Each structure stands twice: as C-alpha cells, then as structure tokens.
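Let me begin by presenting the structure, written as structure tokens, before commenting on it.
Labels run A, B, C, D and E following the written order; every chain starts at residue 1.
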Amino acid sequence: QAKEQFFPLLSYRTGPYAPNGTPWANGKQDYLKMINARDGGINGVKITFEECETGYATDRGVECYERLKTRPGVTLFDPQATGITFALTEKAPVDKIPLMTLGYGLSVAADGMAFKWNFPYMGSYWTGADILIQHIGKNAGGLDKLKGKKIALVYHDSPFGKEPIPLLQERAKMHGFELQMLPVTAPGVEQKATWLQVRQSRPDYVMLWGWGVMNSTALKEAQATGFPRDKLYGVWWAGAEPDVRDVGEGAKGYQALALNGYGTQSKVIQDIMKHVHDKGQGTGAKDEVGSVLYTRGVIIQMLGVEAVRRAQERFGKGKVMTGEQVRWGMENLNLDQKKLDAMGFTGLMRPLSTSCADHMGSTWARVQTWDGKKWNITSDWYQSDEQILKPLIKAGSDKYLADKKLTRRDAADCQS
Amino acid sequence: MLYRENGQFKTSYRADQQIFPITQDRVGIALLLAFAFIAVPLLASNYFYTAVLIPLVIMSLAALGVNILVGYCGQISLGSGAFMAVGAYGAFNFFVRFPGLPLIPALILGGLCATFFGILFGLPSLRVKGLYLAVATLAAQFFSDWMFLRIKWFTNNSDSGSVSVNHLQVLGMPIESPMAKYLFCLFLLVVIALLAKNLVRGAIGREWMAIRDMDVAASVIGIRPMYAKLSAFAVSSFIIGMAGALWAFVHLGSWEPAAFSVDISFKLLFMVIIGGMGSIMGSFFGAAFIVLLPIVLNQFLPALLGLFGIEISTAGVSHAELMIFGGLIVWFLIVEPHGLAKLWSMGKQKMRLWPFPH
Amino acid sequence: MAFFLETLIGGLMAGMLYSLVALGFVLIYKASGVFNFAQGAMVLFAALAMARFAEWIPKWTGIDSMLLANLLAFVIAGIFMFAVAWVIERLVLRHLVNQEGATLLMATLGITYFLEGLGQTIFGSDIYKIDIGMPKDPIFMLDSVFPGGVLVNKEDVYAAAIAAALVVLLSVFFQKTTTGRALRAVADDHQAAQSIGIPLNRIWVIVWCVAGVVALVAGMIWGSKLGVQFSLTTVALRALPVVILGGLTSVPGAIIGGLIIGVGEKLSEVYLGPYVGGGIEIWFAYVLALTFLLFRPQGLFGEKIIDRV
Amino acid sequence: MSTKKIGDVILDVKNISLRFGGVKALTDISFNVKEHEIRSIIGPNGAGKSSMLNCINGVYTPSEGSITFRGQTFAHMNSRQVAEMGIGRTFQNLALFKGMSVIDNIMTGRNLKIRSNLFMQALRIGPAQREEEKHREFVEHIIDFLEIQAFRKTPVGQLPYGLQKRVDLGRALAMEPQVLLLDEPMAGMNVEEKQDMCRFILDVNDEFGTTIVLIEHDMGVVMDISDRVVVLDYGKKIGDGAPEEVRDNEDVIRAYLGTSH
Amino acid sequence: MEQQNIVLNVNGIEVIYNHVILVLKGVSLQVPEGGIVAILGGNGAGKTTTLRAISNLLAGERGAVTKGSIELRGERIENLSPADLVKRGVVQVMEGRHCFAHLTIEENLMTGSYTRTSKGEIAANLEKVYNYFPRLKTRRTSQAAYTSGGEQQMCAIGRAIMTNPSMVLLDEPSMGLAPQIVEEVFNIVKDLNTKEKVTFLLAEQNTNMALKYADYGYIMESGRVVMDGAASDLASNEDVKEFYLGVGGGERKSFKDVKSYKRRKRWLA
C-alpha cells in the first residue's frame, strides 16, 4: 500500500450552477497538484484525489460520498452544496470523516461541542449576514441610522437562502429596521415579480442572497427596474466574476462580501502558475486562476492540507492520516499571519485558529465593489458580532442535540 | 427447449391464475429472491448498499407506484416527486410529533398522506386527459416544493426547511447499518410488489387497464371512470409516498424539499417508460437503468476512454455521460418502444421457440 | 394604480417571452403529435451556438462590426439547428414512426440529455453573453399621469414585438399552406399520412428546422436578457402551463396563453404572494392553467379531444 | 322460430331526437324491443344506427324523448347505471382494451359482479380469490363457447380483426346482459365466419334467452335471423316490421337496399 | 397467369412482426397491368400484412420483410418509402379507415393531393370524388372523427383517389358499408379500372362481390397462398363455394340453418 492521502472532490461542472462550481473545483484541484509538484506531498505523503460530479443534486452527492469515503487514506469532504451538506451531516459521524464547509452549510455547526465532524471554516451564513448589516449600517452612517429603514432580502428559495433569516430578524429587532422577504424560486431565472415588488415597496437597501444564475439575473432585473446598484449588497456567494461578468457596466457599484482575497499577485497563486499551469497541467483555463471562487477553492484545499499536516504533528509525520486524525487536525488548526505569509496567502485571508468549541476559526470578511470590469476590495475587515451569534448558535445547537437525543461533547472528548 | 410451458397442464383455474404459472419462472423468482435476501448480504460492500442497492430498491418501489398510475391506468403524471415529498414529510411529522411511534406505522401514515394528496390532485383527471393532465400534475409538484419550503409547521419549524431523522428501528431492531437498511427496504418492496401484483391482476387492475385502453367502452361495460382513476391515484400515491418516506428516512437521513424536485418526477416517469408501462417487472428494470447507468458511466467512462487513448477532462466526462445517457434512452426505445420488460418477454418468447428461429 | 399597470405590463411582456418558447412546443406537437420536451434544450443549444459564434467570429475573422458578427452568428447557429433537426429525424424519429405518444415523449427526453451534453461539450458551460444591442435600461411612461411614471422595460417591448411577428408568420403558415395541412394530418395518424404519400421524413425535418429557428430566436432573446447558461433550459418549465392553457395545437393559443399566464403569475406574486410568504408564481401558473383546463380540457384554443365509439 | 317464445316489450324507445350542432343524427325515433326477440336496425351509412345504440347506452344524451327499460323510464342515465340494469353492448369500431389479453378483456365484463374490495383484492384472501376463480370459470365457458381457447392469453391488439370481434362479443356476454346491443358484429368477415357468428348469436338468444338488438349491413344475415327490423334513413325511421315486410317496402329499397336485392 | 404486363410481382415474401411472429410464409403473387386482383381468405390469413408489405407500411407495425422480393414494373421496391411509392402511383387504402380525425372531410381529401402540384388537376380530382360519393359532399365540413363509419370509409377511398394513382391497394373496402354503397364502391373500382386504367389489388372478405368484379383471385390461409386462379374459375370451385360463398351443395343456406360451429376444412395445414 503506497503512502497516499486521498482527497475526494465533490463538484459540479454541469447544470445550472456549473459556472460557479467550475472555478471553485478547479482551484481545489490545482492546489493539490501544486503541493505534489512543489513539495512532493505533505511531509512526503503523496496526495491523490478524485473528482465526482454531483450536479448540485443531493442524491448524486450522497452516491459520490459513499463511493469515495471508502478509499484508503480518505481525508475530508467539502460537499460544495448546502443540500448535500445536510445529508452528509448525518453520515459523517458514523463514518468518522470530517466535513469542511467553508462559508456555507449549517451555521449552527460552528459549535464544535455539538457538531464534532462539521467545520464551517472562516464563516457561515450567519456571520455573512451579520457583517453585511454592519456594512450597510456603516454606509448609512451608523447602525443606529438603520432605524425605520427598510431592507429587502432577495433570496434563493432553499435552505441556502433561508439560513440567514433568523440572524437578520435578530438584527432587525435590535436596530429597528424593517426586513422584507422576497424568495426567488430556484434556479432563479425569472425574477420580474420580485423586482416589481422591490420597485413598489422601495426598500432602502436590498440584500442579494443568491447562487448561480440567480445573481446575474437579479442584477439585470435591478438594472431593468432602475434599482440603484450601489444600494444592492450581496453575500459572498453572490460576489464572484460569473455573477457580474455578463452584466458588465450594468452592475457597476454593486457591493458584495469578500470572504477571501483574490488576484494573481499572491505567492501561492504564482506557485500554482509555475508548478501546474506552466507545465500544462492546469485543470481549467489559465485566465480564471486567481479569480474569486478559484481562490476560495485554493484556500479550502490549503486548509485541508494544513489540517493533515497538523494531524501528522501529533500522530506521526509522514504517515497517512485517517479521517479521525484529520478531524483532530482540523480542530486544532492555528494559522497565524506568519504562517499564512510563509505559505503565500498574504492578503487572501485572515489568520484562523480553531478549537474544540469553535469550528469556524475566523469570522472576518471584507466588502468588494464591482466597477464594471472587475472586483475591487473597498472596505477593511469586519468581524461578525459575537454577542449576537453566540446565543443564536447555542440555541440552535441545543435544539439539534435535543432533537437527536445527543449530548454535548465533554472536555475528555475534546482531547481525542 | 429449456423454457416453455408445454407439458405443464393446469388442472384448476386457481393454478392458472398464479402469479407465475410457468414453473421455470417460479424457480427463477425464488432464486432471485434468495439471491437478493441471502447472497447479496454476503457479497455487497457498504458502498454498494448505500449508493447502489438502497437507492435502487427504493426507486423501484417508487417506479412501481408510478407504473400503477401511468402504466396501468394510463394517467401520465409528472407529480410523482410531490407524492414522494408528501410521503416523506408526512411520515416525518408523525414520527416527530408522536414520540415513540414505530417506524412502519409512520411510513404507512406518510403513505396515507400521499394518498390524500394524490386523490386531491387526481381529481382533475376526471376531465383532463393525456398530456394535458401530465403537465397539469406539475402543479402538484411545484405546489409541494413551495409548501414544504414555506409552511414551517411541516418542517417542525426548522429554519432552513431541512429536517432529519435518526434512530430508526423496527420491532426493536435498529435500522442503522447499510445491510439492515437494505434488507428492510427490500422486504417492504417485496411485500408491496406482491400486493400490487395482486391488484393489477385482479378486478381493479382490469378496471385500470380498461380505462387506460378505451375509457368510453369501459364505462359502457359498467366501469366507473371516477372510481377507477381515483383508486389508481390513491394506490399509486400511497406506494410512491411510502417510497418517498423511505428515501428520506433510510437513504438520505436528512433532507430538504429540493430532494424531491421535479427532476425526480421526470426520472420516475423515465423509469416507467424505459422499463415498460404496465409491467411490475418493468418498474424494476427501469429503476435499475436510470439509477445504475449514471453511476456506471461516471465510474467507467474515464477508464474506458483511457483505453482508446482519449484523455478527457472532468467536465468532459460529465457531459459525455449526459450524451451517452440520452443516446441510450433513444436507442432502447428504438429497439423496443414498449420498454425493457417487453424486450425481456420477447426474449422469453424466443426461448420458447428455441432452437427454431420462429 | 401606476404600480398595477406596471405589474400588468410586466406580466404581459413576460408572457410574450414564454409564448416564444411555448411556440416551439406547439409547432412540433401540431405537426407530428410529438410532445417535444427537448424544446428547452434546443433553446439552450441554439443560444449557446449564437453566443459563442458571436464571440468567436470577431476573433477568427477580425470582423469588428457587432451587427455583422451577430448576424453571422445567427446564421451559423441556424445552420446548427438545421443539422440538429436532420440528425434527429435520421437517428430517432424515423425509427419511431407510428409509436405511441409516451414513447415519442420519452425519445425527446433522451434527445434533451443528449443536446445538453453536446451543447456544453462544444460550447462550454460558463455564462456567456449575447449582445444584440437590446437596451437594458428602463423607460418611464405616463409620468404626467402618475408620480414616478409607469416603468416599462424597453428590452421586453422589442422582444414581445419579435415574438408577435413570429407568431403571425407561423399562424399563416399553418392555416394557409398545403404543408400546413399535411403537418396536421401527420399529427393525427402517422401511418395514414404515409399511406397517401406524405413524406414523413421530409415533413419532420422541416418542422424540427422551424422549431429550431424558433428556439434560436427564443434563445437569443432570453439569452440576451439572462445570459446564456444551462438554466435557460428551465424556461421550458415556465412555458409548459402556457402551452396547455392555450391548447397544444394552437399557435395563437400559445400567445394568448402566454399573456394570461404572464399576467396571472405576476399579479399573484405581487398581490397574493406577500400574504403567504411569496415564491408562489410558478405553482400559481400551473394551477391557473389547470383551472382553465377544468372548463376546457383541451385548452383555450386546442383541438377538441375526440373519443368516440 | 321454432320453440322460442317472444315475450312482452322489454325496451321501449319513444320519440328520441339527437342533435350534434347542426347535424340531426336522429329525429323522433320510436320503436320497441320485445323479450327474447332478435331486433335488427338497418339503414344506410350515417343513418344514425350507432347513435341510437349510444343513446340507449347512455353514451349520448338524446335531446328529446325517453327510453323505458323493463318498466323503468329514463331520459338519461350514465353508462354504469345502464350496464347495471343489464344492457350489454359491442362496438362498431372495435373498442377492445388493446393492451390486455383475451381473458382479461372478457373478465372486465364480469367486473360489475365483483364484490370484494380493494384490500381483499390486494391480499387475495379467501373470498376475493374464490370470487376470482368463479368468474374465471364463467369466462372460460364463454371462451369455449366462442371457440377462442387458443388465444386466451394473447393481447387482443395482435389478433386478426374477426377474432377481435368475437372477443368483443365475449366481453358483452360476460355481463350476462338481458339485452345485448350488437353494432355490426359481422363486418369484415367472410361467409363462413359470418355463419359462425350467426350461430353464436342465435345460440345466445336461444340458450340464455338474451334479447338482441343487431345492426348489420349484410342483408342475408338480417333477413335470415331477425324477428323484426327497423329501418333508419338520415335519422328518420322509414320502416319497421318483419323482415319480409321491410324487404318489400319501397322506401327501404330506394334508400338502402338498392335494386340488386 | 400468362405473361401480360405484370406491374407488381411479389416473390416468396416472408414477414415477421416484432422479430418473433412469423406471419407470411412465402407469399407470391402477380398483378397484371390494368387488372383487378383479389386476395381472399379468412381472418388472420395475412391479407393485410401482404398489402402492408407491398406498400412498405410494415415498419410502423414493427414488422419486416425477411425473405423474398417485391418488384414494381421491374424495380425492387422493398427499400422505398411509402411516399416514393405514392409518387410511382401506388397507394394503399388502409383497413380500418384511418381518417385524420381532426381534419374535416374536405381537408382529409385534400391531403390526398399532397403529391400533386397542378391546381386544376386537384380541383378536378376533388370533383370526381364528390361525384362518386355525394354523401361526402354534404359532410365536407365535419371533422372526420364525427362522421359515421361508412362515411369514413368513403373518405378513405376518396383520399386515395386524390393521389391520382395508377395502382390501388384496397384493404377491405366493403367493410361497414351499406349494401348499396358496397355495390357503388365496386362499381367505382370497375369504373376507374376501365376508364382510367387503374390497377387494383384488393383484400376482401366479401368474396361474393370480390369475385364478381375481379379478374383473378388468390386465396390465402394462415400466411400462404393456397389457391389461385381466374375469378370465374374460383367462383365455380366447389370448395370456394362452400367455404367462401356459403353456397355449399349448390344452394345458399340460410344463416339460421347453419348448425353448430363446424371445423373448417383447410387446404394446407
């Protein structure tokens, strides 16, 4: 048996979400290729991977999971879809394989004491929504200025789109703004009625919580109904190139959260260029390297690799880690700025450190603005408000545990 | 001449009315059941259970339900996904709201919810026919998609609309391991298939088929179109609802409304048509075709193309898979428009004549 | 009031766009008795071809007039659709003469998968842009009567005009020409049509070509609105209630049905939606169509469903 | 006419009119059928013969007039009620259930008599099973009677036309009707087959005492086997009486028989 | 049959439905130019199948000619499409009418002229059909599905005449027609035959009529030709008389007196 750490890659390159799924998947693959080419693997353990097409469909995702989870040296799963995450959340504890859901998935899973196997690294829908409100407040001249204002939420009518609602309601209560909810039926190609309603109720701000084609359609409809684009704010899943590219000038002024940095300057992207693309081994087109979702893919895979590295520190360098060991690594990750700089991730993300209780590790994001041709980071880092999130997460995870008749992990379990 | 009924004389109508009047068929089925219940558990891996067998068994059950409505009663429906969803969420609600309710009653209650929903959306069939009805049943589909997203009560007030169940057990035996899940589903499938077979070869089945083939003539010989159609909707949606509940409880464990999207409705219809309308056996063939083919293609296509020295990108595989899938559907239809079951029975007919060509 | 008008107009426009897709269904059904589920895939395929060629042609030939590039792209995409029609007849329809509706429907589903795969293989699966110079910004009318005016989307108006023109053309074609009559005969009975010398093969190629062109126009307009991407196929699901409401066999029905559905779903979403949490328009459209069917089982203008003993 | 005794009026059609838009399919038709008799309806194509049967059957609703069956008068009933009262029917354009086997087709004729409910049928427990066997036995008699044993399990769609007609008759017989309406049962048969069919009809009439209403274009058959004949033309009744009378009726000859008969 | 101009030569064809059901077991027949040839035989003998094989309409029934050859004026036609055959003047009137249900009677007739281009010719043909079948003229604007069985049969025949055929394959033209009309139809056949030199191949159950109007006849039994000869010879053959004309023993028996069902005598097993 060769020493190989296996990374299963669930992805979708067909169907309605392909334009967003593809760069994401490419980034994930390229990083692994780069690690193999540059470092010869993780402390000598070669990385293998296999991609499985889910088409964003839950049942196919489950099949992929079942197929790939039995591979020797399987590391962790990144389902790339909220629906699949829900299904796998039930299965992962049984199979003892961790799930990484960077910036998506179950918001309550940040509570590592309840969700031992889920890792919503770097932020969840709740942190995103929280930061978005902070930013809107800031633009309005202070959160207190939101009183009496109206904010509309145009969201993908699915668990993905509905997750942020509890948090937004919490914030609405706090600041006294009115929250108008406008669901859009998936995949979101027809939004005329939604935007007519926006035009009628004239909200001060609109939050866009879409994925895939829904985003560009929303921007086009905003343009068609004359809603000012600079009053339109998107989540980080509505802030990549495919979302705005074909709207072009029409989306100028649109702001969206930036979970991660991007661009081709950073060292890690340069390394990928050098070790992968220049050798003709790039997974996708060269010009998408360094784009928003591509870079997110790179970060996800870096975190996976680092988790393995961390696990090796405890369980034996140069060994293939099991899912359980990787889980420990994920839970005890500590990437400070120095490490990030060393790995070439400067400017792409904030330091991240996890613990048994905190599976998110970092709750920061910035805001970017589309200038008609490209995205530009236009704000400093925001951090979501612990005070609001904590109780919500606690309540949610308590309910989850009660429903499942499970108990919270104890300190002993945290050592394992 | 291994396969033929010659020489097997029936001395009573009862004997002739058996499900499998031909001895070879009986033996074959017995072997198949033995294989499914005994040999498979000895051989199958966990992957095979969870990714192949369990979905296959549950989808066979659903296809069987659809076949009763579409194949036997001739009412084309694209709302099957909705019936599955109603079954799943119905069973879920009984399951969580009545703590201690055993699994099987919950599933049956889920099925009954689907029955009710099915009858409701079957009412238009009394006036609307054919493709018009097919499209109209999509109303059920989209309505249920919306209902389970929007009405929080159905999802036990879950914020996201996603719900989950666990700790399944039957008569004290946990249904947790893949093998247990498989055997449980298989058992239900066999029982329901048997009941369904009894129905379709009995009086009610004849009514359904009569309505399908020529409804005016059927009413002249005393068949009430309303009763026949609504009973078909009821039975079919009960079975589909059960299948939906199994899909949610046993296969997915945790699900959201999108798990029962319009895609599933289409897939179920494919299964029935590809497998053979008006054939219980056909439902199984159809389910196998639609469930297995993508998995097989996905796994073997790259290797296969590799043999010919074609390097293909990951996206390419997905697209090629779509193309091959579509191509195969068309090809099978051309070979036998009446489905795989017909192909099977023609094969048997040839066997009967064997070794003579005609 | 102004808002009501806006919604109404928005609904009418959206309805026209649905009609454009519905038209493809009607054409093929009317002419061959096949319910063509591949219409959505054809729209996508045509739009992909158009978008990519409009992008490639300037690159390959150095033509920099956008109009010319678009025109060429349109023609090439049209040729692609002809080829598709021809291949479908050769490889599929020809072998399924005289089969039941369900079988043919299934075959078109097979074609759907195939086209989706093929389209994305040849043309890619990203979001592409069709820019035929449609104006994107809104205009406001009647601002003298209502404060703020009534918003009308110029792009929609153009699109609706194109759709209307196409429909008039096709109606004439069906009602007035021998081929039109032959098409209807084929839909009724393949075998009898063959027996009196109607060349099924040629007829089918013709109809699928026409449907291909309709798909191309629909794809172009929808693509210019939404961007060309896989989700275009789902507009077919939006067009289905239109088809059955208008009647599977009626060209004008597709238009009227489109208008009713468009207006119905927009009004329902805007005025009813907020009370029940929104997101109701798609099922509302289907329920609306279903309600009409209860009164006229063959749709508003469809041919009566005949069963006689 | 040997031993048969013709009874009282069993079916009485009074002043029936039927219109389809502009077309007057039937105008003011009255005639009656007596128990045990063979009553023929003849007339040129489009005269309204099939429409007449459809009215009796409840497929069409006459715009005027009434029908009395065994003392019960109705203007309109649904087909199910008519079937329950004991009127069976065959069809001109074969309305068999194409996808079903011969046995199943005939078994559908027994469905009115099925008592067990859906659950019993699903389980096939005792009574349901016994019932099924009982009806099967009855159907086998019909199959023997019609001499179609060899095709029992063939899907009817694959049978040649003439045999399909026989199955159609079998299905109607399975209802054990008191009155049997036959719409051109002998179309598309050669003489030999017609002879067989006549034999079946006569036997049914003799053995079960079933009253028969027959539409037929073969004058030989009509003249030979019927007791009384009604003649329709363009929706109007132009003749009614014993075969010989009708044959000599001037109107009938002009409108229908032509000169060669 | 002596070698006068043979238009159609069917040579030992075998037909199989659905790959398994062998229906025709080597059928050969010839049709001379300008003749009327009848195919007789009981139910399921294979008459319809023979006609379908000639007009190439088998494919839609999932049948295929597996052996033998069919020649039209010396040209092999097995691989032509039905439309090509209509262009060569061969048209079939299908058993069971098959009118286009949603089209009116007149539109039905007009579809028959699809292969014709001259407007004048079409108008003349239509006039001709209406002359032959005045009943159709009165029903010209009704949808075919709502006309009576007999009217539909007329419509189907009329539609075939609209193609201006040189050879017509008629499948059970008399089925469901009133005696008067049957007579008329056969007169029309004779008329077209003598005046316009149209060749006819007809499958019939009404042996009486068929032999009266045909020149030559073939008798089929379970997929084989068991007897053929000039129509007059057949009509006087004792077996034919008994089994197909119902005049066994010289006298026509009343249908009433035929005693119980009798075993048929078969020429061949």
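The criterion applied here is as follows: a residue touches a chain if its C-beta (ideal position, glycine included) is under 8 Å from a C-beta of that chain, and two chains touch if they have at least 3 such contacts.
From a predicted model like this one, the values you see are computed outputs, not experimental measurements.
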Shared chain contacts [chain A and chain E, defined touch]: B, C
From chain D, the most remote chain by mean C-alpha position: A
Taking each chain's C-alpha mean as its centre, the one farthest from chain B: E
B-E against D-E, pair bridged by the larger set of C-beta contacts: D-E
Most central chain, judged by mean C-alpha position against the global CA mean: B
Gap in Å, rounded to a whole number, between the CA centres of chain C and chain A: 37
Centroid distance [mean C-alpha coordinates] between chain D and chain C, Å: 49
Chain centre separation (chain A, chain D; CA means) in Å: 74
Residues of chain D whose C-beta touches two or more other chains: 59, 91-93, 95
Per-residue multi-chain contacts in chain A, two or more chains: 13-14, 18, 22, 157, 183, 185
Multi-chain contact sites of chain E, meaning residues that touch two or more partners: 21, 146
Chain B contact footprint on chain D (complex, rising order): 57-59, 78-80, 82-84, 88-89, 91, 95-100, 104, 107-112, 114, 116, 118, 121-124, 128-129, 132-133, 136-137, 140, 171-172, 175
Footprint of chain C on chain B - complex, ascending: 70, 76, 124, 127-132, 135-136, 138-139, 142-143, 145-146, 149-150, 214-217, 220, 262, 266, 270, 273-274, 277, 315-316, 319-330, 333-334, 337-338
Chain C contact footprint on chain A (complex, rising order): 13-16, 18-19, 22, 157, 181-185, 187-190, 192-194, 196-197, 199-200, 212-213, 216-217, 220, 223-226, 242, 245-247, 250
Chain E-facing residues of chain C, complex: 97-98, 178, 181-182, 184-185, 187-202, 249, 303-304, 306, 308
Residues of chain D defined as touching chain E within the complex: 20, 23, 43-47, 50, 92-93, 147, 158-163, 184, 187-196, 198-199, 202-203, 217-221, 224-225, 256-258, 260-261
